[in-house]
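Two complexes are shown next, each including subunit A; its partner changes from subunit B in the first to subunit C in the second.
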Partner chain A sequence: MFPELNNLLNTTPDRAEQGKLTLLCDAKTDGSFLVHHFLSFYLKANCKVCFVALIQSFSHYNIVGQKLGVNLTMARERGQLVFLEGLKSAVDIFFQAQEKPHPLQFLREANAGNLKPLFEFVREALKPVDSGEAGWTYPVLLVDDLSVLLSLGLGAVAVLDFIHYCRATVCWELKGNVVVLVHDSGDVEDEENDILLNGLSHQSHLILRAEGLATGFCRDVHGQLRILWRRPSQSTSQRDQSLTYQYKIQDRSVSFFAKGMSPAVL
Partner chain B sequence: MAAVATCGGDAGSAGSAVATGSKSNVTSFQRRGPRASGTNDSGPRLVSITGTRPSVRNGQLLVSTGLPALDQLLGGGLAVGTVLLIEEDKYNIYSSLLFKYFLAEGIVNGHTLLVASANEDPANILQELPAPLLDDNCKKEFDEDVYNHKTPESNIKMKIAWRYQLLPKMEIGPVSSSRFGHYYDASKRIPQELIEASKWHGFFLPEKISSTLKVEPCSLTHGYIKLLQFIQNIIYEEGFDGSNPQKKQKNILRIGIQNLGSPLWGDDICCTENGDSSHSLTKFLYVLRGLLRTSLSVCIITMPTHLIQNKAVIAHITNLSDIVVGLESFIGSERETNPLYKDYHGLIHIRQIPRLNNLVCDESDVKDLGFKLKRKLFTIEWVQDNYLRQERNIYPPGFSYLLKQKDSAWGEGSLQHSTFLMSFLAKATAFASRLVRHSEPLKQTGSGRICQAAGPRLWHDGRRQEAPGLLGIPP
Partner chain C sequence: MLDSLLALGGLVLLRDSVEWEGRSLLKALVKKSALWLVYHDFFRDPLNWSKTGEALPGGPLGALRAMCNRTDLGPVTIALDSLSWLLLHLPCTTLCQTLHTVSHQDSCPPGDGSPVGKVHVLGLLHEELHGPGPMGALSSLAQTEVTLGGIMGQASARILCRRPRQRPTDQTQWFSILPDFSLDLQEGPSIESQPHSDPHIPPVDPTAHLTFNLHLSKKEREARDNLTLPFQFSSEKQEALLRPRPSQATSHIFYEPDAYDDLDQEDPDDDLDI
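Up next, the complex of A and B:
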């Protein structure tokens, strides 16, 4: 986790909010550093994490996690982390006939399927175990990323249904958190992606949007992060609060600064 | 990623069976060293695979793409387990050349090849690979090629374009004789004995789907299913995924798939916008990447993305690939006559570089890259380098110039370069030429189209023919 981002979001692993849906979104840049941040954040907060990693392999997250101070292998061994590796499972599903339904069963189906097996997997992974083992604080679902599901043939409605079921179970029933990453296609006309993004933006409590700079590539400022808090539950709420920072990604951390205040410029 | 322990980065050793035989003294093929005898020991001996080296950033195993210039832009090479997607240029000239360089590099390094194509027999593709250049006779020929580009005053500080002095220069020739990437002569064919000594598998689509097998309806087209099964078969049987632990010498599998997505593969993604099999290609890429991640293989795919009707699909494909390089050739476009792109054959766009096992990636600072293909050398250069050579001819040093910035003449490129084009204030130069002392005229460089008359008389009589591109002085 990045301490500067924790300060910006006003959270620490000890006193993070529960029951929230966080949407991570990237446009014209790579927002995967946010996924690494939240993964290490919730592992340090002693939560039970179910990570659906569809785009990279386990060792990728493991190596980056070690730079951020968490050990994914050990977390998986002691049961804190349930890791679904999409790439490896796709090979298994495709080449071997499966007897029992696999979470990513839709890869084999000819017509657009649904994500019910995946939801069953998530619910199974995060349900509280009564045998009183090492008590994890609350469950967290992390998905990287949802746009892959769209490009593999699922409809935006199927993905929205899946998130709705997950929210109902994880956020409301189990008082946990859900964090998802969606790519924003920007000026490319992708209707399904826009439907998904708008639908999720409407439901989420916190939106973190990593954008590339409007003027193009820069060596010292890698992008701009927009943080948007939405509090739909409070009726007397202040307006949705929004902050914008620019960031530079380094080897082990990310540094944030106000717009135009990059150390390279000052 | 497949975790392979490597030692120091030495990439030169190859089996003696692959030696060229013609010039045996100074070649890039060395005899197998004493490491071979060490494989029988049971100790924790680190094994190095030929043709690979660890990345300096995160120790990941890299192979060469066959083009040292492209390796440099990709951060040292292509990581094992990743997919390199090449968006083809319009007439598929340079993308097939890159494809062939990749395969030729595999043969030279002794890797196993898997060539898949729907329109050309893999055996024919292998016959047309370029011949590798060996150390002794290539060095002096390179010097002839680069001679025209060397300016003797390349070390003189630039007065006008001084910001560009700070950017690193791109090397355009072989700098050392140690061979991670090799150079190829595009005009000669690869020697037959090299092909015969190499191990390769071919997948020619019309042969493979002639039999009608019963396959359950899946949303991948039949050709893709067969190709995936073929690849998985090779990986499993030859132990690239570590399933045969008794194999002594590990090797890399280089997969090359040509024109993926074209209608010859049975895919209609290039024909209609919302076809039946609109997700066939993305599913194929996903499963392929899953196969690559769990084995010691690397894949190059050329894809005619300019034919794909649905632009959102291109974004999906980019997200599902690791490295994406786009080629744009100038043949037939109006850029062919643009003086800025005078010596180049096209532009190369590095659209995506992966961040593997890392938060950061090795993105190059230069974004406007052009390539040119001489007979023996495929060079990639910053496009402004050409302009800067002309700049030294138009604005000779030793004069003071008053400059006015004009709008950029280039349609694209990043904003930081767009204010670069300048023109003279006509009157001021006439004064300046009388005030400034005449300096030594420059040697003739460049194409010779611009006459170098670096004396005050150039400006004095107001005739501007010697310096094209400038405003005319009123008499």
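Up next, the complex of A and C:
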């Protein structure tokens, strides 16, 4: 969790909003630092987290999580974190007999299917348990990332439907939050990815967009973060609708500053 | 204009974008027009994944088609949130045909001759999701198109209204939605909030503090104004050219060749080496 980002978003683990869909996207840069931020943020907020990790292994997230002050192994052991390791379990579909449909069942199907098994996995993972264990505050679904599902053969509409169902269950029914990462293809013409990105943008309450600098790579400024709050057009709203900051990623933190105000150039 | 959108029948398209969302305007218009609200909940399970048997047969399209065959009279407003969802899941032609049938019900009265109330269809469409083909098709079906935009936190709606046998009208209305979803029409962004130069700071004179003089005295200015440019075709010049020349001395060239000049007409420059 990066305290400076919490300040920009005007939120803390104790008083985060519930029932929201947050969209993370990156263009010409790596936005995974935002995923690590939200993972540690919600674990510190004592939420039940279901993390669908399709890109990296568990140990990768664990190592970064330890730098940010959370222990994923312990969280998984005590039942706070349900971790679907996509890289490992994708192999299991082919080499192990499955009694019930596997969350990544679509990999076995010849034509582009739907993500109903994955949704059922998420719903099962986050459903409130009535037993007397320590109550978690609210459920959170984190997906890293959705663009890889397009590469694996699913259509953009299938992924949008999956997020729709997740939003209906997690955000509306269980009053939890959903955070997803999508890559923006940018110059490359990728219609399916554009439909996915625009469709999700319309469903989101908050959009965080990490962009590389237009002028290229820089040692002291790693990129630019655009924050867009999608709120109904209210005349009395005091907060800005959209903010832009530049950032530099360090070993254990990320520092944010206004455009052109990097300490290196002042 | 914005509050009387639903007075005309037919399809009203509400086009929004990621930056300027239209759902709250849709809710405000529904609140304004609805006396009695029937809510079809397709949010929780649109594709019938839960298979509980509660879902209406045929999904959202079936529900929409069922509205085509209504037997009760009286005006009705059908609000669709969103048309984009329908357009992504159904073929464009199917959706267009269904919308056309639903929104033109009042032109085909039932057999007993009693008039059917007006049908208004209000659809929310997300502009970035669809290509020009489907957008154009829906646009041509619509009687009214409202495109959302804005400047500096102030939302605006551009209303393009096509009435039969009348010229289309195009208006822009600034508005905001109050927390209770009522519509607040406004004048437009205030002029003071737009950035412009501060009138209290006098403009800087660039000709001051120079090492050379750029100013003209009065005499110099008069002389400059009286100067005629050499290639300017004034009326005096025109007169002079048109008037036939009196015995004006033509110009002569006086040339006295000296001893070394050898005027050879065939080689005047004396550089041919033959």
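The rule is short, and it goes like this: the second predicted complex is superposed on the first by the 256 of 266 C-alpha atoms of A that agree within 3 Å, B and C clash if a C-alpha of one lies under 4 Å from a C-alpha of the other, contacts with A are read in each partner's own complex, and residues count from 1 in each chain.
Methods note: a contact is a pair of C-beta atoms (placed from the backbone, for glycine too) under 8 Å apart; a residue touches a chain by one contact, two chains touch by 3 or more.
All values derive from a computational prediction rather than experimental measurement.
Asker: Could you tell me if A:Asn71 is touching subunit B, subunit C, both of them or neither one (first, second, both, neither)?
Answerer: In the superposition, A:Asn71 touches no partner, neither subunit B nor subunit C.
Asker: When the two structures are overlaid on chain A, which partner does A:Thr244 contact: first (subunit B), second (subunit C), both, or neither?
Answerer: Neither partner.
Asker: In the overlay, answer first, second, both or neither for which of subunit B and subunit C A:Leu107 touches.
Answerer: Once the two structures are laid over each other on A, A:Leu107 reaches subunit B alone.
Asker: Between subunit B and subunit C, whom does A:Asn7 touch in the aligned arrangement: first, second, both, or neither?
Answerer: neither
Asker: Can A:Ile195 be said to touch subunit B (first), subunit C (second), both, or neither?
Answerer: A:Ile195 contacts subunit C only, not subunit B.
Asker: So which one touches more of the residues on subunit A, subunit B or subunit C?
Answerer: More residues of subunit A are touched by B.
Asker: Of the partners subunit B and subunit C, which touch A:Leu160 in the superposed model: first, second, both, neither?
Answerer: So A:Leu160 only meets subunit C here.
Asker: Please name which positions on subunit C make contact with subunit A in the complex.
Answerer: 16, 18-21, 23-25, 43-47, 49, 84, 88-89, 126, 128-129, 150, 153-155, 175-179, 184, 186
Asker: What part of subunit A is in contact with subunit B in the complex they form?
Answerer: 30, 32-33, 36, 55-57, 59-60, 63-64, 67, 86-91, 94-95, 107-111, 147-148, 150-153, 183, 185, 188-193, 215-217, 219, 249-252, 254
Asker: Could you list, by residue number, the parts of subunit A that touch subunit C in their complex?
Answerer: 114, 116, 119, 157, 160-161, 164-165, 168, 172-173, 194-195, 198-199, 201-202, 207, 228, 230, 232-235, 237, 240-242
Asker: Give every residue of subunit B touching subunit A within the complex, in rising order.
Answerer: For this pair, the touching residues of subunit B are 1, 3, 58, 217-219, 228-229, 232, 279, 282-283, 286-287, 289-291, 293-294, 311-312, 314-317, 319-320, 355-360, 363, 365, 367, 414-416.
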